[in-house]
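A single structure is presented below for examination.
Naming follows writing order (A, B, C and D), and every chain is counted from residue 1.
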Amino acid sequence: MHTLTTALAQINTEARALFGQGKVADYIPALAQVPPRQFGMAVALVDGSTFHVGDAHTPFSLQSITKLFTFVLALKAIGEDLWKRVGREPSGAAFNSMVQLETEHGIPRNPFINAGALVITDILTTRYAHLDYALLGALRRLTDDPDLSWNAAVAKSERDTAHRNMAMAYFMKSHGNFANAPELVLDNYCRQCATEMNCAQLAQATMFLANAGRDLGRDGCPDEQFLSPDEARRVNALLLTCGAYDAAGDFAYRIGLPVKTGVGGGIVAIAPGVGTVAVWAPELDAKGNSVLGAFALERLVKLTGWNHT
Amino acid sequence: MHTLTTALAQINTEARALFGQGKVADYIPALAQVPPRQFGMAVALVDGSTFHVGDAHTPFSLQSITKLFTFVLALKAIGEDLWKRVGREPSGAAFNSMVQLETEHGIPRNPFINAGALVITDILTTRYAHLDYALLGALRRLTDDPDLSWNAAVAKSERDTAHRNMAMAYFMKSHGNFANAPELVLDNYCRQCATEMNCAQLAQATMFLANAGRDLGRDGCPDEQFLSPDEARRVNALLLTCGAYDAAGDFAYRIGLPVKTGVGGGIVAIAPGVGTVAVWAPELDAKGNSVLGAFALERLVKLTGWNHT
Amino acid sequence: MHTLTTALAQINTEARALFGQGKVADYIPALAQVPPRQFGMAVALVDGSTFHVGDAHTPFSLQSITKLFTFVLALKAIGEDLWKRVGREPSGAAFNSMVQLETEHGIPRNPFINAGALVITDILTTRYAHLDYALLGALRRLTDDPDLSWNAAVAKSERDTAHRNMAMAYFMKSHGNFANAPELVLDNYCRQCATEMNCAQLAQATMFLANAGRDLGRDGCPDEQFLSPDEARRVNALLLTCGAYDAAGDFAYRIGLPVKTGVGGGIVAIAPGVGTVAVWAPELDAKGNSVLGAFALERLVKLTGWNHT
Amino acid sequence: MHTLTTALAQINTEARALFGQGKVADYIPALAQVPPRQFGMAVALVDGSTFHVGDAHTPFSLQSITKLFTFVLALKAIGEDLWKRVGREPSGAAFNSMVQLETEHGIPRNPFINAGALVITDILTTRYAHLDYALLGALRRLTDDPDLSWNAAVAKSERDTAHRNMAMAYFMKSHGNFANAPELVLDNYCRQCATEMNCAQLAQATMFLANAGRDLGRDGCPDEQFLSPDEARRVNALLLTCGAYDAAGDFAYRIGLPVKTGVGGGIVAIAPGVGTVAVWAPELDAKGNSVLGAFALERLVKLTGWNHT
């Protein structure tokens, strides 16, 4: 039996022993209703083989993990010009802090804190008449799932309580760093965040980052150079330094791989040249990252040594 | 000839020598077109006598001076309960800072910085179906001018560029400190700021603060206890510590009277038990206060000793 | 019987009912041992009459109240030049905050927060070989008490734990705003803070601020113009806006007089043209101001109307 | 000819074309006198081969690069307990900011900003009677150079102007996060920073980080497991997220390797499993990192692909 199968089984048992140590995100009413005691994990290797355990085929709300995809779309759309509107330094502050935004004159620290992701969505809103479908189109292609979509109830729930994100959007607009109406961009942003995927799909959809920019071909679908190798490396560098909110340093120290986390409880990790790992468990720690997810990744790199590559 | 007449004449000459030392507010397009070289001053004494010099009858945009009137209206409407939603400490930061708002969890420092004034307008928006007319009603009664109104072009100009104020309103809403839709409150706020008065009217309209809360009666209109004596004293205390943005300490040091300033170039000062002074000159210093206005007040208290009372 | 005698008796009774609502400053070990249930109050009028109640003749540690005297000495020594090294705006932050100091490049907001008082002591350290005796000399003259001194045990206790003040001094030195060795200035500063006086003496010592800069003469000692009338007014303005740490606005609102508070539990208030009030009770509120002291002043101005002048 | 020889020769030519684009650190008088137009680079591979170009044998002041070595010594001395006193998150602020220190109650963000390095030196000061010799001992062993030392003139120059670091040390002491006298720790810290090495030595001294914790043996000196493989990986993760002050994200994006930079103009980079690179050129950019050094590393990883591993 493949050692990965064994490793995942072991991690599944160990992780589930931690149920109850975190709590489900409660600031978005629709998310607060997700049953907490779930855990799924999927691994996709660059050779095309895949592995999974637990609730790896249960769809969950991607939330901030979508910031990874929108950032990549914006990079494809306008290239390095996007750095005129957003930085690439770790923020050293909570994901929704306005203090830094004021100190730095409306230029968000990086594309993965909320303010930065809003700028990215603003860029894409300018580019696409229907951003949600452009984004869904890309995600459907990457996952080969034509039914992939966003959850309208979650999107509405988030939009109704998006006061702080509205505040950030208007603040950036006051600094000339927001092209569209905040209301419109927030509509897109909340739909984007409500996109649902399962672990197996998420691991597959991010494969291009582990595979030097190249998405793997599947039945009747040729492989595709989604990003250049150098772009893929740079996205990974950014995920390593900024992918886990203000716990990025801790994640790098414990796990040592590029990751993107979301308050839906999902985390995706990239092992460049090796493969991708998607993990999901709704209970979060105080910094908004999945408790079981972080544990599972730490165990996996310990068992596989993927972070020494 | 009354010594005040002499004093005003002298100050008029001295002040006009300072033309060119400041610059007209340029962040509101409609205000940027006001001819800069204007100076008016009006004094109203508690005995009913009035004095004026220069452009004391030219209407100007009250801007933040209206925060004094809306605060008084809110105090009359809900009393000391308003302190649950806004503080009464000097801010120690620029009038539109968001840093403090984040540090202090959405409770503005005082009713005279922008965030605080927005909360006050939110309180009044809940209270009045048509706040602008409720406010105009009060101001028309205080000035005996049935035609007093707001400048629609200025209001629109401010509303179109109110991104930062929208950001603050949404931020407070995210902290549960904003009852109405930010869009609606901002409509009211921008009309409020665009209210126009001349110096003579402004001195008259604030007389109740110098006269232990009592507005002076005029032809066919009896005097009226607008605020209690203790409330009037407290409003004055607040004006003394918070009325000049982050130059409040400097104003207290140099002038020593309760004041409220506005970026339209107006300043009103209260000499409790003595009278009121309204001064206007559009050129502003770096902190957004009228250069000639502050100079004129400093000279007046030097000549009259009103700040030693 | 004089109404003030009646008022003080009534306030004494009411204030003592509040024992237990605050707590004695515990960050200075020597101060933590002061018995909490004490209350004294003294009033000195510009006509030379004096009134007192309770523990008005028990010496207490002046602490930050000395910042008023050192500021006045520095103003006498170098005049308005001191504004090159310290601001005169309310701080809007805790008395020992370093954030503001960094934002504003080592220039403290005003002379009454710790950083500002350290700059003032630095100025006086440059001026006087033995600052503590120069300061004691002035205070002995103002109180006619040749034995007035500082408490060596309290001074040592404060010096031993002065890490934060040392941090501020070094920080200002790194910005070029500190002339002497921080160690030396802190020695002076801690002795200064440990100066002891009783309420009767404190009311007398600050009389020049209520009396247009003029200290009242006493037996065999002629009166003296300690400050110019205009300087006295300006000091009072500064006390009104900055004298009660980050509760200055609240004090102005409730009490409406220039004050200086200290963590020893003392407060002195100035009623310009009328007299001075010193009050002492060791229990402090969360902002470091005397609970009974603030209450007593609020009651006194309510009973006398001194804050309407 | 080895391709690395060719690459270094090419980079040497390209880098020197950039002379004049940065400026030598001027806040330490002794460093300001270093001739700016120098450039050296050395590579050491895990197979024991070495390569160098330009001024690779000219000693320079390590400055903050020593923080890497003191951190490793502290990790060896007290293990993971050190995380009780310092964090491991990127700072998102300048290397000598006090704002963050106040917000986070005296716990520095990571061991590589000044405040964090001071805590590390405090830990080592508690551990070693003569820290400078303990540190020199370790560095002499890692470089096989018994004469390696610190420059006394530079150390004194830094100590004389260490006001800001003193401020940070006292501030942390006020929060209970500093065990020794700040004066003593600063003596050690300034000597530590003044340690001198050349590029060839620096590449050799950090080899254990590229070689899974194992220092390579040399003539008559056996190899040694300096850190465990997992510890080495974690140090590298920390260098990747926090090694370049507030340009860490930019370095990760452009270069993608763990690095530590110093204001002496040196940078060391680790290519795990491959080797180490030391580069030196005194001219700095606005964030205090070597202009030519960063350029050279970016070119090297482009030419070798080491950052894709």
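In this section, a residue touches a chain if its C-beta (ideal position, glycine included) is under 8 Å from a C-beta of that chain, and two chains touch if they have at least 3 such contacts.
Quantities reported herein were computed from a predicted structural model and do not represent experimental measurements.
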item	value
Chain labels contacting subunit A and also subunit D	none
Chain of greatest Cα-centre distance to subunit B	D
Where subunit A and subunit C are represented by their mean Cα positions, the distance between them in whole Å	56
Geometric centre distance via CA averages, subunit C-subunit B, whole Å	33
Subunit A and subunit B, separation of their C-alpha mean positions in angstrom	49
Touching two or more other chains - residue numbers and ranges from subunit D	none
Residue ranges of subunit B touching subunit C (in the complex, touch as defined)	87-93, 100, 109-110, 212, 229, 233-234, 237-238, 240-242, 246-250, 252-253, 256, 272-273, 307-309
List of subunit C residues in touch with subunit D within their complex	97-99, 101-103, 163-164, 166-171, 173-174, 182
